[in-house]
Amino acid sequence: MSASAVHSLWTTAATAAEPISKINAPKIEYGQLSPTLIVIGAAVIGVLVEAFVPRKSRYYAQVFVAVVALAAAFAAVVALAAGGYGTTKAHIAAMGAIAVDGPSLFLQGTILLAGILGVFTFAERRLDPEAHGNRVDSFAAQAASVPGSDSEKAAVKAGFTTTEVFPLLLFAISGMLVFPSANDLLTLFIALEVFSLPLYLLCAVARRKRLMSQEAAVKYFLLGAFASAFTLFGIALLYGYAGSVSYATIAHVVDGTVTNVDPALAGTMGNDVLLLIGMALIVMGLLFKVGAVPFHMWTPDVYQGAPTPVTGFMAAATKVAAFGALLRLLYVVLPGLRWDWRPVMWAVAIVTMLGGAIVAITQTDIKRLLAYSSIAHAGFILAGVIATSPDGVSSVLFYLAAYSFVTIGAFAVVTLVRDAGGEATHLSKWAGLGRRSPLVAAVFAVFLLSFAGIPLTSGFAGKFAVFKAAAEGGAGVLVVVGVLSSAIAAFFYIRVIVLMFFSEPKPEGPTVAVPSPLTTTAIAVGVAVTLVLGVAPQYFLNLASQAGVFVR
Amino acid sequence: MNPVNYLYLAALLFTIGATGVLIRRNAIVVFMCIELMLNACNLTFVAFSRMHGNLDGQIIAFFTMVVAAAEVVVGLAIIVSLFRSRHSASVDDASLMKL
Amino acid sequence: MSFPLLTATAALPALGAIATAAVPAAQRVAAKWLALLVSLGTLVLAAVTLVRFDPGGDRYQLTESHAWIPDFGVSYQLGVDGIGVALVALTALLMPFVILAGWHDADPHETGSRRWRPTQGFFALILAVEAMVIISFEATDVFLFYIFFEAMLIPMYFLIGGFGDRAHEHGDAVAATQRSYAAVKFLLYNLVGGLIMLAAVIGLYVVAGSFSLQEIVQARANGSLHMATSTERWLFLGFFFAFAVKAPLWPLHTWLPNAMGEATAPVAVLITAVVDKVGTFAMLRFCLQLFPEASKWATPVILVLALISIIYGALLAVGQRDIKRLVAYASISHFGFIILGIFAMTSQGQSGATLYMVNHGISTAALMLVAGFLISRRGSRLIADYGGVQKVAPVLAGTFLIGGLATLSLPGLAPFVSEFLVLVGAFERYPAVGVVATFGIVLAALYTLVLYQRTMTGPVKAEVAEMPDLRVRELLVVAPLIALLIFLGVYPKPVTDIVNPAVKQTMSDVHKTDPQPAVEAAK
Amino acid sequence: MENLIALLVAAPLLGAVVLLCGGRRLDAVGQWIGTAFAATSFVIAAVLFADMLGKGPEDRTFTQHLYSWIAVGDFRADVGFQLDQLSMTFVLLITGVGSLIHLYSVGYMEHDERRRRFFGYLNLFLAAMLLLVLADNYLLLYVGWEGVGLASYLLIGFWQHKPSAATAAKKAFLVNRVGDMGLSIAIMLMFTTFGTFAFGPLLGSEGHQGVAGDATQGKLTAIALMLLLAACGKSAQVPLQSWLGDAMEGPTPVSALIHAATMVTAGVYLIVRSAAVFNAAPDAQLVVTVVGGVTLLFGAIVGCAKDDIKKALAGSTMSQIGYMVLAAGLGPIGYVWAIMHLVTHGFFKAGLFLGAGSVMHGMNDEVDMRKFGGLRKYMPITFVTFGLGYLAIIGFPGLSGFFSKDKIIEAAFAKGGTEGWILGSVALLGAAITAYYMTRVMIMTFFGEKRWQPDADGHEPHPHESPRSMTIPMIVLAFGSVFAGAYFSIGDRFLHWLEPVTGHSEGDSPVSALTVTLATMVLLVVGAGIAYLQYGRSSVPVVAPRGSLLTRAARRDLYQDDFNHVVLVRGGEHLTRSLVYVDHTLVDGVVNGTAASVGGLSGRLRKLQNGYVRSYAVSMFGGAAIIVAATLLMRAV
């Protein structure tokens, strides 16, 4: 970089006598950002509720606020989509920070619905036996107090409950809403942190098995922060490469179609090493969030340790948000780099599919099992991402929608199977469940079959869509690997079914708690979506394919 | 002085931070190393912003500090609660869940 | 549009399944009757289909077509040709007997919660299987077929793993583990096959851009759709693998003996007489029509495998100690014949194969169900545990013998016609193959008669001395089947007339004609 | 009139259905129902016969087409009947002898509670056998062919509680299946060669010539040999003869009807029926004669050593059928004589078996001739009828066997050339041996002093004459065995009767008929004489002496059975057992192995998840490094 250019910076600044007020005020399309804004607002209200509403009624207030807010946000999304913002009127809002287009609206809708179901499972208070006459949910009475300490006993006795989880959830959701629609790297990073931090906390506040819960939180937090540091560094490098963090600009620079190159930038701009490393690091950060091998190792531990409602929500919503962001990054920013990132993504997809499926075989804890299965599914979705075609986008969107509902439903069922120590997550305890309570077992079997991708379930439709897109995108090998790994995966889903239906029930086996309408709704919706998307997916496929176009 | 050197320094810091994460046991120290990595990122932003002659990088640096601060809050909360229940902040002790 | 007969034929058992499953725990007898009535109703519908079907008419009749998942190029297309309608009829025909034979197989005997309703489940699952099998015989859309081809595994899986023989020589615990092993083996084998087929299905879509069988076949015929040789072969292999697992063809057969051995006799019949037929049927309908060239390319290997199945299956049947496993291996041998007939690419071979599917269904049903009655009486599947039964239960022994004679395809019984047609069909194109296959009939006699001799003749074993003869219900199951065997053996025309045109079509699809007799050829 | 043909088959078939499905309520009258149906079809046969005699020799072929059975592509098989002189001969023999034996069984099976089923089986047999000889195409013939196999299976194993009986039945069916394999291959060959396997177009009927001759030598020989294989199975010819001896486990009437008079001669029918094919395949004919010659001696030798009266007779049956096959192998020279011998043999062999049965009936089912002796005093009728049958079979001048066998020997010489001499001398030798073993049977059974003792539980047998229902058939058959031959031969009646179907030609015999006859006589006397010296003069030991090597070999059917046992049975068992092992370890093992290895891999990969957050970080860091490196490399290369 030449000294003259640097000098010119100051000189222009000096000669610019007129005040800085020339900077015209930012223009924010509040209407189009309403979904996010509503949720954030609700989250803030939630905080105020914590501050001012008396303890007894906080729970109800929080649940009310959360549900209403999410519903409203969803309504807003629908309204926007109906208003054509998903298709014709799709554009960049908020000074280029946020893209309002098909994918964002579709994913925001999915996240919001998942969020509502999440709130339901969070709010479930009938599963655990009452403590001192107070209904309790699956969160610690007082997260700060040491497990088993007097202070905790006191808290339980006083009937405290951690109602903060609801605002935290809302904050997380708001971050997730922004994440897939972020249109510059800074927004991306902020959104990432906004939805990650609350999740870290939520992981730590389990009522039972607190040590595991806290350990999960620590692991999640450290690794998450580690990953986001990489992401940030990647962002920095990309900024260095393109001189801007806005997707459009970077894309232009990548394509070499950038207009009026500032001579000052000529030095670093177009330095592909920066570009490639930066891209790799950002992608890595996103792959961490979706739990792709080799960035997956947090998944099993966190899924197992976190309170099951949190796990369910996290497993569903995080994947949706992260894949949305990944899609936008690869399709909007880096399409010019296809030939660089596709081979890498191929490799990642393959090891993810196989790794997840293979390791899952020998798992003995249902939550860990589902964790590994979620890893395998991340691999399948990656196969669709790699297709780099409109079909690829829509298939991924569809898959995410289908997958998130199955996941929430499955984890909701996990919360029901309990013994003295809380949830009985060890597989051996599930033996003969089909004999004790056929209905619950059958429902869980439906979810498992959907995970396994058996026809007439949403899992099959999604898998087919993704593989089809991949094959059309010329990734036939991925399809074959995917098929093989789903064969392997089938084995452990089947194993659970065998356990539930064909093994004799253990005398000291767990009991199935009768849930409140809340969890019941969550599960019912899960089953319904699973079957509907399996038998008559056309409507949603249309939705997805309409939503399959990014704005740039 | 050529601002590119700042990039080298940043990369160095980032690597040191990363290495620290990998080798240190105490959760606090690990966390500090992560902060170090974030700082390296900030330095990079600023350096580039200097080189490109636009202010985006510097603004981003401010955002990053805020985020880092938030992270500290959350992080410390978690680590402290872990320490209180285990009387140890060693990340290696926190390995109940494995396999 | 007219009344959707085909849909109705498949939908009735489907709805019946739901209804049966919904019957409250207390009224399990009602569930049985409901299931029986539904299956009879389906039989009526199938009969109507058979009547409405005009052998001289279009290739696919009673067709229905509705858009289903345009995004996947999938439409809900039904239609039957002679082969399909025959097999639909077979399925519908066997079901009432299966249900009747399994009348008491699912009476609850283990402690479960009051919501545990094995009986309802058992019959609901059977009906579900019927529905899925029927629709996959009717589907003319590859994807639609695939969906049910795969989906039918699940109810079958629960039928195999969930319900075993009432008494078991090794006690309940062992029985349970063996059952679930068999069920899992069944599922995984077929699932892997199906998934590999899925890859091929997707590939087909990428190549052809449609799943409609007729469209693709036409497109290939008029050259508007060109498939690279290698592509066609890969796709063919993908499809064929799945069907070969289902059929099952050596060396993919090992799941069948486990499944049939552990499942109750009616379920075993369901597997071998109905579900497995989907595999051979699909070879005839999909492999040959979609990939004629590849089929011809693969023929030599497939013929060899079929021969191995015939001889190997028969020899292993001879070596079995377990009645049901013996029947299973016999079936493997018979499936060898069917596949041999299909890939002989002669009208005799393919008509024979189709006829064979029908006849084998009936004859195995007869043999297996009687075997089931026998086993339910003594509570053991081991041949060695029986002896001299004909002395105490002559009718049972007699029906068992007739079933056996049908299995060894005695002239005058239905299987003979089909088996001879298959042999001739194979012989006229590949004499050596025909001759080797003929050894199968000797081995068939061997394992059948050995089985009969060991179980039914000789001095009466103490354990069977008190064995009651066939009850009315059981006789009601067996007698019609035997009558049918004899009728179709003496007068197979009704079936052949329906099948022949379809086979002629298939033959023209693969551009094959029957070889001419040497003498006329010389002239 | 021709529409009666179907009834021939239908009547006994109906009988079988009625008896087998009738249930216990028919137990009392079962035997009479069965006999009635058999007689019915005999009457029908007689009517048809009369009708046929009314017609000229050329239009004596009746046909009846019922319906098209199998029709796929060019493959057409109809259910239709063809009744010509050849089939007529068989029909009369089958229904006639059949009815008699039904009658005989009424007495013989009196005390068996499963009588009804027995008669059902007998009727089933009649139906199948009639179908066999009446079918107008090979596939339908095949139905009858296996039908009689089934009937014979059921009847041999009628006393299923005896393991030996069950085994014998199974053996019979299996060996026959091997023959059937030949028949089905022959049919396939015919279809691929000629496009048809119906008698009319293939073999030709009155008026037009069949296409049988048009094919190449090779194909014709193949077809002929396959037919021969079938014939060997059914007619117990070497190498498929092993089942006949064991088949004697069945009730004696069964042995008489199926394993002497009718079913076992089906092979001869098949060959003669397929004359057109064989005539065009001389090589195959030679093989046929060889098979016939070998079996002729084989059976005779076996017959000499057996002490079980029925087994001895079985050996003789084998040998006599050997004569017929030999004759049939000679072509037009021999066809007629083969059939003629077949008919006469039907009479006297049936008679002999019934006699044997009557003896057993009187002797508590004892079959060991060494425990008989001097029975002529106790059962005179049996003695006389048996004696006449004996004279007939050894070919005593003037009796049936004399004419038929003599003709065959002449024909054998007439074949001319070396094989003519060989076959002729073999036939002569056979005659001698026949005389020997039959005399032996005769003497051991009816002459000498009584040798029977109380059996295990002290029952002293009280030999007595059998009831009339048994003796009448024996008498009738005795008449047949005495006069049939003469009746057929005077004025060559039989020759003229059958010639239109089989054709006939006198070969050029190197030796005159008279010489042959004289030679036969001499050898006859010699054979009988030796037997007399051995058994008539000296007393017969109750316990069989060790005997010469040949004797011991003959007792064990010349070890041919042992060979089968060692090679086929044992070998087969080993094969199946090893295959079961293979299936379990290899075929199944491969799959399970893969599954296991995946599981193992899973177990190992699992270890990576060691719970230490820092190692997770390492994997992330490594992953990141690899991705970065990969992306850069991707660009570099």
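Read from first to last, the chains carry the letters A, B, C and D; within each, the first residue is number 1.
Everything that follows uses one rule, which is that a residue touches a chain if its C-beta (ideal position, glycine included) is under 8 Å from a C-beta of that chain, and two chains touch if they have at least 3 such contacts.
As the structure is a computational prediction, the values presented were derived from the model and not from experiment.
Engineer: Among all chains, which one's averaged Cα position is nearest the averaged Cα position of every protein chain shown?
Structural biologist: Answer by centroid distance: C.
Engineer: If you tally the C-beta contacts, which comes out ahead, C-D or A-D?
Structural biologist: By number of C-beta pairs in contact, C-D is the larger.
Engineer: With chain centres set to the mean of the C-alpha atoms, which chain is at the far end from subunit B?
Structural biologist: D
Engineer: Between subunit C and subunit D, what is the gap in Å from one C-alpha centre to the other?
Structural biologist: Spacing between the chain centres: roughly 37 Å.
Engineer: Can you work out the whole-Å distance between the CA centroids of subunit A and subunit D?
Structural biologist: 81
Engineer: Would you mind pulling out the distance in Å between where the CA atoms of subunit A average out and where those of subunit B do?
Structural biologist: Chain centroid spacing, subunit A to subunit B, equals 24 Å.
Engineer: Measuring centre to centre with CA averages, how many angstrom lie between subunit B and subunit C?
Structural biologist: Going by mean C-alpha positions, subunit B sits 65 Å from subunit C.
Engineer: Among the residues of subunit B, which are close enough to touch at least two other chains?
Structural biologist: As it turns out, subunit B has residues touching two or more other chains at 18, 21, 30, 91, 94-98.
Engineer: Would you pick out the residues of subunit A that each touch at least 2 other chains?
Structural biologist: Residue numbers touching two or more other chains: 218-219, 222, 226, 230, 300-301, 491.
Engineer: Subunit D: which residues touch two or more other chains?
Structural biologist: Residues 595, 606, 609, 611, 613, 617 of subunit D each touch two or more of the other chains.
Engineer: Could you please write down every pair of chains that are in touch?
Structural biologist: Every pair of chains meeting the touch criterion: A-B, A-C, A-D, B-D, C-D.
Engineer: Quick check: in the complex, which residue numbers of subunit C touch subunit A?
Structural biologist: Residue positions touching the partner: 67-72, 110, 112-113, 115-117, 146-148, 150-151, 153-154, 157-158, 161-162, 173, 176, 179-180, 183-184, 187-188, 191-192, 195-196, 198-199, 202-203, 205-206.
Engineer: Give the list of subunit D residues in touch with subunit A in this complex.
Structural biologist: 595, 598-599, 601-603, 605-606, 608-609, 611, 613, 615-617, 619-620, 622-624, 626-628, 630-632, 634-635
Engineer: So in the complex, which bits of subunit D are touching subunit C?
Structural biologist: 20, 67-75, 79, 139, 142-143, 145-147, 150, 153, 157, 160-161, 163, 165-167, 169-170, 173-174, 177-178, 180-181, 184-185, 187-189, 191-196, 211, 214-216, 219, 572, 575-577, 579-580, 583, 587-588, 591, 595
Engineer: What residues of subunit D sit close enough to touch subunit B in their complex?
Structural biologist: 606-607, 609-614, 617-618, 621
Engineer: Which residues, counting only subunit A, touch subunit B once they are in their complex?
Structural biologist: Subunit A residues touching subunit B: 1, 5-6, 8-9, 143-144, 146-147, 186, 189-190, 193, 197, 200-201, 204, 210-212, 214-219, 221-222, 225-226, 229-230, 232-233, 235-237, 239-240, 243-245, 262, 264-265, 267-268, 300-301, 304-305.
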